[in-house]
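In the part that follows, the structures are each spelled out as structure tokens.
Two complexes come next, and they have one chain in common, chain A, joined by chain B in the first and chain C in the second.
Up next is the complex of A and B:
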């Protein structure tokens, strides 16, 4: 009876291992993508909220410093911490560009790329 | 003598290898399918949140701020608030604008509220056509409007929309001087029963600028 040689068995195991590693990497990427998508959605709305509050006529000007907020974006038990910073750039004597940058951290960032988003608007000086 | 078949040792080694590979493969697919289900849940929660905020924003951006009424309610330590604001039934109908001032003649109210079911409520949008001008907060709000069951259409309630069904953990409304802060926490069911069960939650904090006035 002719069986497999050691080399054939090792090659077969190596091939199978490569396929497995590829699948694991694919699953990890999908997982990271869904985590980032959930955080990005909450982060975007958070940035819009901060911008609306900053530009409200009754809000203090220039805007106050940064603030952090814990928001439930994934697990019902654990919050993701969102931070924000408001920056004001003078465009001309009549107007400023107000930008809110939001970034977040929940203890994992592998494969998720940049964990921040920003939004902005022109504010005409009263 | 020519040898036929495998020896006991070869068979045992082969079976051990195969079972190890099978265990790894099944574990991997179980993990993958669990996370794929979690990702689908997250996607569902996000699309629900986008849909809800599109509806709330659409009503509040247009509503005159003097007609906005916010009711704060609690259910099991969680907030399930309600709001009511005036609206216009048809923005393209010239008869619904004052011929002198050009301002809208508000003729409708919209109500958003979360039911108080435990642990998760639903979010409903009601459209009220009282048949009288709506230039003030709805006098009979909330009255009997905020029912736990999805209400049927009546001569007063011309339309009922179920924006989220048994997914709302928290619906919080805080009125500021020029803005309305809306905080919505949606929650899905669990992926796996037993000790590994996991509940997905998505919290959105949003703020709507109240820009419109009656005059």
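Up next is the complex of A and C:
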């Protein structure tokens, strides 16, 4: 009975190791992408919600300062903290452009690019 | 190993695809929101433009290419006109998203049209694109409240009421597009037919009705922050009726009780309160549903408080012209243009007045503040008159007194007329308030009106009654009402026919009924002697020129056409109950009627001219009047005898008949002028304004109001069996709102009056718009 040579075993293990390492790296990247996507979606809805609150007829004007919020995205035990900032730019004497920018993880993380989103629209001052 | 590696690679590929999809989804959500926000930005931009120019978006004028009208990195907007379409295109946040909206002309059938491609707008290119009619926006803001609601092929999405604008927006970001359909409406300060912070109580006569309708399909509401006590609503007797098509609602914070017996009381401060005993308390769902079905509306008890805005005097549109100050007191008409004045409003007319004013009342500087004309206390158009204390305005028996706001020197109501009468205290008007503008009682002053509050002013004008104190309304007082009665209805028809015949007949070439200078249309300004001549003839009789023409025609002798005789005779019979009650009276009346028509006198002797003239009809009417007073045959039947030869009136009765004709013409002339019309237009109107309430028409004693009626305290109207009609809005901001003894209460919400009367809605400041519909597509 002829077995595998040592060289064959080493090559097989090396190949398997390379594949496994590549797959692990890929899965890690996919996981990071998934986390980013989930955070982006949550951050976006947080921004829309803040914009609606800011523009509600009963809301104080000018808008209140920044606010932070911990939102469950992927891991219930590790909530992502989202921060937001409202900016108001006068377009003309009767209207403003209200923007809400939301960011998390300081807005940037190695390998994940920019971690922020924004929304905004015109507000008419009757 | 290879198999394992293959499986793992496949899994990795699957995860990679999933991950990319997830990221793409995130991007799409972002673009979806950006497109959505671009549409909303478009709405806000449109609001901004419409608030300053209600005609913005109406596609009139020559074609024009896209022109940059708003330039800011966060919002750039271009506007253009092309072939009957007005285009608006905007880019937000330096090209992150874009929006477009395109207006067609409201009121014309919609059609496909050419606009611009959104992707092109984002890329900075104007690429034409044909759109379906459903993508058209419509500006219908300037349509009057009574204008038709647009529907069918005239509107893109849903029916569009007047005073609204429908915006159909297209938005895009990246490859995502969104649509937004928004309807804006002019905001109304008081969107209620009737509202009170206290109770609302309505008690009708047995056959009475409470009719609640609206010119606005979205607003037809009666609101109380306490209880609503309404009339009976059951299968046999639904006295409360909302608009049968559009419906309406009655909303209260506490109870809604229908059909109870109302008890009205006043406390030591004069505040009115109302309670009900018995009736149906609409507590159960089934009771509410049943009552709602019968009344064509919705009943909402226990519905929570409604925020009824507080109105300040400064919110009223004030005339820009002269301001005058006059003392308060008692102004009492003793003649058409003569007023006696006492400094105490409680003084009794008679005796020596402190001052006598003729034709006008000057202020302390000698300038004319108020003009006096045909028993009208006229606040001229464009001016504000302040009476510095409690005031009463009344008149001698014989005619209704008017407070006329906004009239010009000729006694006419100009277009867009506006005046203001302010009283620093209580005001009692023994008569009516007519015209256009505002009547204000400040310093907690109460406002008491006896008579109509506004006549048939042009439909685009109205009166604001603003009282810091309570408002009280009553029908015409007995003294004043003595000049009018059931017979006026019959007399009106008689004069209507006679005057029409007089005007059209070639037998009367000198008619005097057309042209403002001629006798009948200048009736109120004629001296008494000329009025007599106009009725009976003579040197100053009715002529067709300013200068009296001796070749005159008189009104008394105009012959009534045979086809009208039976109807007019029946009207007289019905106006005097003695005819039906006393056979002798009826026989004498019928015999005289037949004899006159056949050319005989009341005693059967021959007359020169057969037929029934206006004078002979008046002869018959006065016979019935005297019989009515006597309770049977009058003391002398000689009054039915006419003078042979003159063909009209015998000596003893001629002056009486002439005076009656004269007073009736004066009454019709006053009514005509107070409504901004002429005697000709008044007598020519299709409806008899003197019909009694029981014959389904109006009575001079009815209360009729057009405009805003606002009291900072409470409102009480005791109608004595007559009608009260309020078109506009009736608000009691500090107490209860009670109407009792009404044969008909009609509340018709009409926001147009509020727009005209309130400063915030005045022309030039633009409409204040609210979103009433929003949907995405």
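The rule we apply is simple: the second predicted complex is superposed on the first by the 97 of 126 C-alpha atoms of A that agree within 3 Å, B and C clash if a C-alpha of one lies under 4 Å from a C-alpha of the other, contacts with A are read in each partner's own complex, and residues count from 1 in each chain.
One rule holds for everything that comes next: contacts are C-beta pairs under 8 Å (C-beta built on N, C-alpha and C of every residue); 3 or more make two chains touch, one makes a residue touch a chain.
Just so it is clear, the structure is predicted and the values come from calculations on it, not from any experiment.
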Partner chain in contact with A:126 - chain B first, chain C second, else both or neither: second
Which of chain B and chain C A:41 touches, first, second, both or neither: both
Partner chain in contact with A:15 - chain B first, chain C second, else both or neither: second
Partner chain in contact with A:117 - chain B first, chain C second, else both or neither: second
Which of chain B and chain C A:24 touches, first, second, both or neither: first
Touched partner set for A:94, first chain B, second chain C, both or neither: second
Chain B and chain C footprints on chain A, overlapping residues: 16, 20, 23, 27, 30, 33-34, 37, 41, 48
Complex interface listing, chain C residues touching chain A: 1, 4-5, 8-9, 11-12, 15-16, 18-19, 22-23, 25-26, 29-30, 33-34, 37-38, 40-41, 44-45, 47-48, 51-52, 70, 72, 74-75, 92-93, 768
Complex contact set, residues of chain A against chain C: 12, 15-16, 19-20, 23, 26-27, 30, 33-34, 36-37, 40-41, 44, 48, 51, 89, 91-92, 94-95, 97, 99, 117, 119-124, 126
In the complex, chain B residues that touch chain A: 2-6, 10, 17, 21, 24-25, 28, 31-32, 35-36, 38-39, 42-43, 45-46, 49-50, 53, 169, 176-179, 181, 185, 187, 198-209
Chain B partner contacts - residues on chain A that touch it in the complex: 1, 3, 13, 16, 20, 23-24, 27, 30-31, 33-35, 37-38, 41-42, 45-46, 48-50, 52-53, 55-59, 69, 71-77
